[in-house]
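In what comes next, subunit A is part of two complexes: it sits with subunit B in the first one and with subunit C in the second one.
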Partner chain A sequence: MLEHAQIRQILPQRHPMLLLDRVVSIEPGVSIRAIKAVSACEPCYAGLPDGLDPDSYAYPVSLLIESFGQAAAVLWLVSTASQRDSRPDKGAGPAADAPGNAAGDDIFLFGAARDCVIESPAYPGDVLCHTARLGRVLDGAALVAGEILVGHRRIAVMGSLIAAIRPARTIPRRGGTHHGIT
Partner chain B sequence: MTAGVPGAVPIACRPAVAAPIPAFAAPLRAVDLVSVGFSDGIMRVVATKTVVSTDPYLRGHFPGFTIFPGVFLIEALRQAVAAALDQPSPPELAQPAGRRPDIVELRSARFLAALLPGDVFTIDARVGREDDDGRFDVEAQCFRGDGVTAARIKLRFRRGGPDDA
Partner chain C sequence: MASHDEHLDELRELAADVLEVEPDEIQDESDFVETYEADSLRAIEILARIEKKYKIEIPQSELAEMRNLKAVYEIVARHAGWPD
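== the complex of A and B ==
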């Protein structure tokens, strides 16, 4: 299990874009179960009028996907660190090799997605449980698939997400072209 | 606006109007201007937005170094479609009045270039006909101000969003 303090060491996102509260279980290289509680306190509900259709208060699908993507990112980053640590020739390893380095010099980016089906909306009060499985990992990019549950009910099937880690310094601050990321 | 979704016929659009503030939970106002056009049973939606680091969620993505998140292009397409469907359409294309459409499937998305504060992006989308269940498909390409393709996105929407029954 990873508590919120440890998640902050792994992910570079911060409030209000850090959309992961706790990792319930993780098997490096294989799978993760992680929790995100949806709250009416979140900025996406700020300034919303009363009396709208109930589905207007549904948690935005963009944030649902982002939250799942952050669970996928923790799985991949912890898996990468774990694989490195298990190498016989690993040596002492500088701190820069730790997954926590993602909060410093590396940026985790959403590369692509396919076949993500939202089966039910999520609302404030729902506790999202992301279950994600690590697929292929190639050239600094990873493929992750899984599901989002609320209680025992599945609310989304995530066909595949592809994420990439890039050093922040490779992303142009202004102008220029940088392919493969956003 | 000459660029468009690959293979799609150009459809002339009406003058752009300010996109309404979303009357539904949304992480940011993801489109500033929106314009619509109609041809041969297809609706074209063109929307633009200037990336600003002061948008509420962007200060956490990332602190001191804003990158517009890929998922917010999905959000922008959602808001562009919602705004477009609120505008008058030709009778043969009129969507049945009813509940607001929301995303039920991210069929595919590819994010190809970073969008940073000051960048203006344009979403150019084609909205297909609604089926009997209120579902319709949307295909979009997103361009950065310099013409670089920032993303390609295919979404499926449904009136009232995912069925909770």
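== the complex of A and C ==
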């Protein structure tokens, strides 16, 4: 199991775009189960007026997919940590020495999502449970598929997500922080 | 086993789906990048879908040769053992 502190060592996203709370289980190279608690205190609920239809308060689909994508990113980053650690161009410094750390290494970028079906919405109080399975991995790209469950209820099918993998040094940084890169 | 034309049409439909055009817009020798604005991710998507559909594995080194439908057919035929 990987808790928040360890997830920070792996993913470059930070508040408010770090959308993965805990990794429940991981089989490197194969699959991951990870969770994210949806809460009414998240930025996407700020400024929403009262009195809307209940489904207007559904957690945004874009963030469901982003959160799933971050689970996929952890899977890929943990799976490839030992390969990346031994690369001569690996970034130097204490943060980069942590296992699977993305700070000096490769960033898992959202490329495309296909055949994704949102079957029912998620609301504050729901705990999203992502199951992501690694498919074909190529040099510079990876395909992932899976589902999102809330309890026993499947709320989404992620048919095919394709991620581009690029060295961190090739990605421009704004103001010293990464912004929503999966 | 499906014929050459049937396989070609299957590949045409697969590529059209990824490139988000109608199948009949894909000419056999039109370059995916120049004509249909494919980028590296689309190329990888096409490769992944072909591998899944025909249960083959195509080495990434051959991805660069998959420039148009005709080239895709030839590479897939070779790996899938289709008679020409």
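Here are a few things to note about the model shown:
In the analysis below, the second predicted complex is superposed on the first by the 144 of 182 C-alpha atoms of A that agree within 3 Å, B and C clash if a C-alpha of one lies under 4 Å from a C-alpha of the other, contacts with A are read in each partner's own complex, and residues count from 1 in each chain.
Everything below uses one rule, namely that a contact is a pair of C-beta atoms (placed from the backbone, for glycine too) under 8 Å apart; a residue touches a chain by one contact, two chains touch by 3 or more.
Since the model is a prediction, treat every value here as computed from it, not as a measurement.
In the superposed pair of complexes, A:L63 makes contact with subunit B only, with no contact to subunit C.
Once the two complexes are laid over each other on the shared chain, residue contacts for A:P43 go to subunit B alone; subunit C is not touched. Once the two complexes are overlaid on the shared chain, A:G111 sits against subunit B and subunit C alike. Of the two partner chains placed by the overlay, neither subunit B nor subunit C lies in contact with A:R153. Once chain A of one complex is fitted onto chain A of the other, the partner contacts of A:H4 are absent, as it touches neither subunit B nor subunit C.
When the shared chain is aligned, subunit B comes close enough to touch A:P121, but subunit C does not. Applying the stated contact rule after C-alpha superposition, one finds that A:Q13 touches subunit B and leaves subunit C untouched.
Of the two partner chains placed around the shared chain by superposition, neither subunit B nor subunit C is touched by A:R84. Comparing subunit B with subunit C, the partner in contact with more residues of subunit A is B.
In the superposition on chain A, contact of A:R136 is made with subunit C only, not with subunit B.
Across the two superposed structures, the residue set of subunit A contacted by subunit B and also by subunit C is 111-112, 114.
Considering their complex, residues 111-112, 114, 135-136, 138-141, 143, 160, 162, 164 of subunit A touch subunit C. Across the complex, subunit B is touched by residues 12-18, 43-49, 52-53, 55-63, 65-66, 69, 107, 109-121, 155, 168, 171-175, 177-182 of subunit A. The residues of subunit B lying in touch with subunit A in their complex are 21, 23-27, 56-63, 65, 67-75, 78, 99-100, 102-116, 118, 146, 148, 150-151, 160-164. Partner subunit A is touched in their complex by these residues of subunit C: 40-41, 44-45, 47-48, 51, 60, 63.
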